[in-house]
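Once you scroll down, you'll see the structures, which are given as structure tokens.
Note that chain A is present in both complexes that follow, paired respectively with chain B and with chain C.
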Partner chain A sequence: MALELLSVEQDGQWVIRAKGEVDLYASPDLRAAILKAVSDPRGGVAVDLSQVEYMDSSGVATLVEGLKSAGQRKVSFSLLAPSQAVMKVLQLSRLDSVFDIRESL
Partner chain B sequence: MRDEIHVETVSDPRLLGCIRSLVRAYAAGLGFAEERVRDIVLAVDEACANAIRHSYGGRNDGAVTIVLKSSEEWMELELTDAGAPAPPERIVRRELERPTPETARPGGLGVQLMYEVFDEVRFTPGAVRGNHVIMRLRRPERKDT
Partner chain C sequence: MAASNDNDIIIEVRDLVVKYGDRTVLDGINFQVRRGEIFVILGGSGCGKSTLLRNLVGLMRPYSGRILINGQDFTAMNDEERTDARKRMGMCFQGSALFGSMSVGDNVALPLREHTRLEESTIEIMTKIKLELVGLGGFGDFLPAELSGGMKKRAGLARAMAMDPEIIFYDEPSAGLDPIVAAGLDGLIRKMQHTFNLTSVVVTHEMESVKQIADTVCMLERGRIVGLGALEELRALDYPYVQQFFARRAQDESQIDSAEYLRSLTGLE
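After this line comes the complex of A and B, so read on.
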């Protein structure tokens, strides 16, 4: 399944809803959506990963890049309800504790 | 070794989803639990993504051969490309540290995920060109009761 992305403003911040698979082919789209939101962040940027069925290291690298970019701009950056597949790759990468992971906004 | 599948493909990221489907079906058929199947799919996808990004520098027409094999005890995956040989420092196993948001760096994770998932990972970069990697994983014990 390809990746579907939807950016919405909710409760004063950007929420990027990702659905499908984030692999080498799809991660540039996620990267563009995240960097766009971070450059005009409102109250913060949250990436909803609850509907992501697969994520590889290019997806993880994209999230790290988003986190760093948000950090430089002093913008809050969080991951919303990551699916099991996302949590697993974050854990394997030892990056699960780097992110602000929330169950809901 | 028996039950072999040979796939001749190209270094196109659009094909990764198909390769994942194949590897998922193959590993599941060997009796790996769902969570292990997921890890195996990830590690093989990382190996293919490395061939695309690093061996072929993003070119989408480089030759990639994937061989899936199994024996009673092992599942084995072999990946061969004809791109630039990987520099040794890129393919060594490193201790993955828990970074802070300040020290976290994107990139360099794919190879480490391969080492995390498989019991054995053996890279053989070519002297002039090409890469070959063999990944092996012990199959789950069969319950005969």
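After this line comes the complex of A and C, so read on.
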């Protein structure tokens, strides 16, 4: 399933809702959405990963880039309700403790 | 082997025949590889196992027969389709096949730079993740010549993993390594399987490795399959070559076919 992205402003911050598969071919789109939000962050940026069915290492790397970019701008960056598929790759990459992971905003 | 539905089968080989000139090297090979398993191709030197691997990864075209990858006929694909299908496969070469003039990190990043539109910043992070995964975090700037044999193998594995493949093919992964390093590599192959549900096809003649990693073993002798199943099933086979292999008994050189020997020397029928 292709990746669908929707950026909405919610409770004073950007929420990027991702749905589908984040793979080598879709990651650049997620990257663009994250970096755009980070450049105009409002109260912060959150990536909703609850409907992501598959994520490979390019998706993980993209999230790390988002975290780095947000850190440089002193913007809060969180992951919302990552699906099991996402949690698994985050844990395997030992990055689950690096991100601010929340169940909701 | 347990019954599988079609979705569980990631590789299927049907009636594969491979020839070098007039010489038949693989003769009527049939097997299936289940998604997520470690499938070991085992056999002595010259049995055809490396030739089989070269056919599975599309480096050779068979004389006849079919190789289905995810249900698609790999042998019937044109070059462009095969290149595309190969992006979902990783290959760990026996000698690691790293580019000596490039750093380890650049070696790992190469497939991503060649085949994706990912930004360099994303590729750099992915490369570091892959090197961490194989225990080579911090070695990205090293040249291959500065690594030990075991580290080179792990770097080769990191490169094979670069594109997040579905299947990884290993050609003699433990060859030339001491037992401790070889055991570490076996552990890594298992870790990749558990972590990513990766399907692994491993060509080897190292029995210790087979014991550690194999879910299914396909044993070849002179280009034919003489045993296919779990290791214990193969052990129980009442077949001289299989028993000889497991017992590590040398070939009795005195048992030669004198007529065949004379023919080979003189060419006379």
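One rule holds for everything that comes next: the second predicted complex is superposed on the first by the 105 of 105 C-alpha atoms of A that agree within 3 Å, B and C clash if a C-alpha of one lies under 4 Å from a C-alpha of the other, contacts with A are read in each partner's own complex, and residues count from 1 in each chain.
Heads up, the rule we're going with is that a residue touches a chain if its C-beta (ideal position, glycine included) is under 8 Å from a C-beta of that chain, and two chains touch if they have at least 3 such contacts.
Predicted model only: the values in this text are computed from it and were never measured.
A.B. asks: Regarding the shared-chain residue A:L92, is it in contact with chain B (first), chain C (second), both, or neither?
C.D. replies: both
A.B. asks: Which chain, chain B or chain C, ends up touching more residues of chain A in the combined arrangement?
C.D. replies: The partner making contact with more of chain A's residues is B.
A.B. asks: Touch test for A:G71: chain B only (first), chain C only (second), both, or neither?
C.D. replies: The answer is first: A:G71 touches chain B but not chain C.
A.B. asks: Between chain B (first) and chain C (second), which does A:T62 come into contact with in this model arrangement: first, second, both, or neither?
C.D. replies: After superposing on A, A:T62 lies in contact with both chain B and chain C.
A.B. asks: Looking at the overlay, does A:L24 come into contact with chain B only (first), chain C only (second), both, or neither?
C.D. replies: both
A.B. asks: Identify the residues of chain A that lie in both the chain B contact region and the chain C contact region.
C.D. replies: 23-25, 56-58, 60-62, 64-65, 92-94
A.B. asks: Inside the complex, what are the residues of chain A that reach chain C?
C.D. replies: Interface residues on the chain A side: 23-25, 27-28, 31, 56-58, 60-62, 64-65, 92-94.
A.B. asks: Residues of chain C touching chain A in their complex?
C.D. replies: Against chain A, chain C makes touches at 112, 116-119, 121-123, 125-126, 129-130, 132-133, 163-164, 195-196.
A.B. asks: Within their complex, state which residues of chain B touch chain A.
C.D. replies: Residue list for chain B touching chain A: 13-14, 16-17, 20, 35, 38-39, 41-42, 45-46, 49, 52-53, 96-102, 104-107, 109-110, 112-113, 116-117.
A.B. asks: Which chain A residues qualify as touching chain B in the complex?
C.D. replies: Residue list for chain A touching chain B: 1-2, 21, 23-25, 54, 56-58, 60-62, 64-65, 67-68, 71, 85, 88-89, 92-95, 97-99.
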